[in-house]
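Shared between the two complexes below is chain A, which has chain B as its partner in the first and chain C in the second.
For the complex of A and B:
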C-alpha cells in the first residue's frame, strides 16, 4: 500500500503512456507500421488535444473542489462552459464562416462569463465561496437557456448540436486551428503550473480556515485568483472541444480515494489520470461503432461503475 | 323613416320585400351550389419538399399552412406558418381544421401520433429513393383531387430522370453535411440514390445510419475522388488546408465543390432533377 502511494506518479505516467500509444494504434482505419501518415497527421493532434482537455479539466476540478470544500464541484460549476457553449452555438448558427473564428468567438464568450460571474458574486465588495458557486450556477442556467434559444431559432440538425454540447475531440485541424491550439496549449501549461503553486495554501485552507489567516493565507485573495485562473483554463478547453463532462468531477475523487487529499499529489496526479482516462475514452468513442460517439457518454458509462467500485472498496 | 299607415301602402311594402327576399334566396342558392360541389381540401404541409410538390401540382390554393423552412417557391414563404420543421405547433395545425396533414418520419413522429389521435388524416412521406418519391407525388396528386396532374408530373420527372446519363459510373464521392462533428450521408438513404444517379458512389454507403458522424481519418482512408461540401461552414480553400487531407485524390486534383445548393439534393421534390444534374456536372468534370 505504502509503495503504491509513493510510486503513484510512476503508475499514472505509465497509464498515460499506454493511453497515448494505444491512441496511435487504434483507430477506425487500423494501423500499419509502414503507413504512418494517418496516425501522425490525424491522430497526433487529437492525442494532444485529449491530453490537454482531460488533464486540464481534472486539474481544475481538483483545485476547485479543494478551494470550495465541496465534493460536487466540477470545472463547469463556475459557469464558464455554458458561456463558451453559447458562444460556439452563436458562432456556428449565425454566420461565421471559418472554424477558427468560431473557436475565438467561444473563448470571448467564456471570458464574458467570467466577468459576469465575478461581478455577480461580489457582494458588498467581497467574494465568498457561496457567492461564487451560486453566481456560477445561475449564470450556467442563463447561458444554457440562451443556447437552447439559439438552437430553436437556427435550422441545424439536432445531432450536430448534441455533439457540440456533449464534447468531442474530432475538431478538424486546419493550420489556423492548429496555431490556436498550440497557443491554447502553451497558455494552459503556464496557467496549470501557476495553479499548482497554490497547493500549500489549499492544504491549509482545507484543514482550518480560521488558522489559515494566522498562517498568512488570505482566503479571499486566493479564492479570487484561483477562480480567475481556473476559469481561463476551462475556457481554453471548452472553446476547443466542448463541455466534456464527468472527467473533471470524478478524476480528483479517484485520486483522493487512492492517494489521499494532499494537494501536492492531488493536483499533478489528477492531470495525469485525467489525460490518460480521456484518451482511453476517446479510443472507445472512435472505434466501438462505425460512427463516432459523443465523448461524455463514454466517460460517464465507464467512469460511474469504476467510481462505485472504488467508493465501496476504499472508503 | 315614416311608418306606413294606410293598408295599400303596407301591402305594397310587403310585396316588395317578398320580391327582394325571393331574389336573395335565389341568388344565394345560385352562389352556394357550385361551392358545395367543389369544396377545397385544406392541406397543411410540414415538409418543405411536399410544399414544393403541392406548388408544382398547382394546388397551392389548398395549402393553408406550412413551416418556416418551406421557402421554395417564393410564394410558399407567404403561407401561414405552423412552426419549424422539427417542432410544428399542434394547436396551430388543429386550428387550421385541415383535411390532410403532410408530415415526415422520423423527425415528426410525435406530432404524427398526436394528429392521428385527434382523427386528423396524415400523409407520412418517407422516400428512400427516387422511385418512392415519384410514387409519393402520384399519391399526393390523388389526395388533392388532381390525379391527372400527379400522373403527368410524375411522367415528366421520370422522362427527365431517364435522360440523365452520367458519363462515368461509381466515382467515389464524399458528401459532407456538417463539419463539427463531421457528418455525412449513409447508404439506403434518398441522397445516396441521388448520388448514384449522378454517377457517383457514396464512400460511406456501407453505413446504415441516415446521417452518420464519422472520423476524418476514415475519409482519408476511403480516398474519395470528388468532395461535395453541403454546408456553409467550410469553403473549398479551407478543406484543402485541413491537416492530413492533402493525401486525398479529390484534394490533389482540386475537385472539391462547395457551390451546390443543398436544398436541391436533400429535398425529395420536383427540383431533384436539377440537383442530380448539378452533381453530375461536377462529378464528370
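For the complex of A and C:
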C-alpha cells in the first residue's frame, strides 16, 4: 500500500498518457487508426487545451478547498467564472465572428470580477475567508442574471452561447488566437507553480488562524495572494473553455481520499488526474451522441453521483 | 536573570469597544520562569496573550522579546522564539499526528524545501518528550482531546521555542491528562524553557507556577508567588466568591475549595 502511494505520480501520469492516446484515436466515427492523420491540426490543440483546463481547474480546486478549509468549495466559488461567462455573452452580442475578441472580452470581464469580489470582500480593511465566499456567491448571482439578459437580447441562436458557456475544448486555432493560447499557457504554468509553492502554508492553514500564525504562516496575506492567483488561473481557463463543472470539485477529493491531505502531493496529483479525467470526459462528449455535447453535461453526469457518495460516506 | 518577555506601559483598547482594557500596563517575565496568568472571564488574559505574540498591537507602549522590540520580528522569526498551545484545536482535514508536529519546523524551512534529517530528528524528540510517539501515524481527528493537546504541545516544541505560551491548554482535559500534561510542562521548565501558562484552574496553576499574575478587568491585582496570590481575600475581591483554602498535603501550597 505504502509503495503504491509513493508511486502515485506514476499511476496518474500513466492515466494521463492513456487519456492522451485515446483522445487521438477516438473520434466521432469511433476508433479509427487512420484518424491519426487528423490529429496535429485538430486533436493536438484539443488535447493541450484539455490538459490545461482539467489540470488547472483541479489544481485551483485543491488549493481553494485547503485555503477556505471547506471541501465543498470549487474553482467557481469565488465568482470568476460568472464574470467570464458574461464577457463571453457580451462578446457574442456584438456579433463578432472572431474568436479572439470573444476570448479577450471573457478574460477582461473575469479580471473585472476579481476586482469586484476583492473590494466587496474587503471589510474594515481586511479580507476574510467568509467575506470572500459571500462576495463570490453574490457576484455569481449578479453576473448570471446579466448573462441571461445578454442572451435574451442576443439574436443569435442560443445553442452557440450555451456551448461556449457550458464547457468545450473545440477552439479552432487561427494564427491570430494561437498567440493568445501560447501566452495563456505560459502564464498558467507560471501561476500554477507559484500556487504550488504555498503547499506547506496550505497544510498549516487547516488549523486555527492564530495557531497557524504562531507557526509563521500569515493567513491574511496568503488568503489575498492565493485569491488573486487562483482567480487569474480560473479566468484563463474559463475564457478559453467555458465553465466546465465538477472537475475542480471532485478531483481534489479523490486525491485526498487516496493519497491524504498533504498539499505537496495533493496539488500536483490533482493536476495530473484532472487533466486525464477531462480528456476522457471530452472523448465521451464527442463520441456518445451524433453531435458533440457540452463538456459540463458529461462531467456533471459522472460527478454528481460520485459527489453524493462522498457526501453520504465521507463528509 | 534576563528578561524573556516584557510589556512596557502598554495601553490597549479593542476597536469595537469604548472602554480601555489595559492602561499603562507593565509586566516582565524572566528567562526560566513558569509564569501563571489567572483571572475571571473577560479580565483580559487572552488579550494579553495575543499582545505577547503580536497578533494585536497596543495603542501605546512597547513589547520586548529578549529585549528586542516585537515589531522587529516577522512571523517566521517570532515562530522560532515563541511556541503557542491554544485551548481548542481544529483540523479541517485528516492529517497524521506526524504531519502536524512537522508543521512546527515550518519557520526553519524554505518555501519549496523538504524537511531535512535534522528536522525529522527534532520532530521525533518532540513526540518522545510529550509521549505521543505511538500516535504518530494516526489521524489528528481520531485521537482523544487529551492526546491531541499533547500533540499540539509537541508541535510547539518542534519549533524549538525559548518561550512557550499556553492558553487554557488543560481546560478540556480529564484529570489523568491534566496531570500528565502538567508533568510534561514541569519537566520542560526544569530543562530551562520559559513558560507562560494562562488558566482558569487556580489549583493547578498554583501547583506548577513559580509566579502568578492575577488580572481583574485589565488591571493587575497582584503578581507574586502562588502562596501569596491564592489568599482568600484576594480571590474574593476578584472573583466575588469567598473560597475555602487548604494546604496541599504534599507540597504545602494553597489549594482552593469551592464554597458550596
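Observations on the structure shown:
Just so we're on the same page, the second predicted complex is superposed on the first by the 288 of 315 C-alpha atoms of A that agree within 3 Å, B and C clash if a C-alpha of one lies under 4 Å from a C-alpha of the other, contacts with A are read in each partner's own complex, and residues count from 1 in each chain.
Rule of thumb we're sticking to: contacts are C-beta pairs under 8 Å (C-beta built on N, C-alpha and C of every residue); 3 or more make two chains touch, one makes a residue touch a chain.
On a predicted model such as this, the values are computed, not experimentally measured, just so you know.
Taken together through their common chain A, the two structures put chain B and chain C side by side without a clash.
In the overlay built on the shared chain, the residue A:101 is in contact with neither chain B nor chain C. With both structures placed on the common chain, the touch criterion links A:175 to chain B but leaves chain C unconnected. Of the two partner chains placed around the shared chain by superposition, chain B is the only one that A:92 touches, whereas chain C remains out of contact.
Taking the Cα centre of chain A as vertex, the centres of chain B and chain C in the superposed model span 140°, given to the nearest 10. Judged by the touch definition given at the top, the superposed model places A:218 against chain C, while chain B stays out of reach. In the superposition on chain A, A:7 makes contact with neither chain B nor chain C. In the superposition on chain A, A:301 contacts neither chain B nor chain C. In the superposition on chain A, A:203 makes contact with chain C only, while chain B stays out of contact range. When the two complexes are superposed, the chain touching more residues of chain A, out of chain B and chain C, is B. By the document's definition of touching, of the two partners only chain C reaches A:261; chain B does not.
For the pair chain B and chain C, the least inter-chain C-alpha distance in the overlaid model is 40 Å.
Chain B contributes residues 69, 84-87, 177-183, 206-207, 209, 211-218, 220-221, 232-235, 238, 241-244, 247 to its touches with chain A in the complex.
Note for the complex: chain A touches chain B at residues 27-29, 37-38, 41-43, 45, 92, 97-99, 102, 152, 155-160, 163-164, 168, 170-176, 178, 286, 290-292.
Touching chain C in their complex are the following residues of chain A: 66, 69-70, 197-198, 200-201, 203-204, 206-208, 210-211, 213-218, 256, 260-262.
Of all residues in chain C, those touching chain A in their complex are 50, 53, 55, 75-76, 78-80, 82-84, 86, 88-96, 99-100, 103-104, 106-107, 109, 111-112, 152, 155-156, 159.
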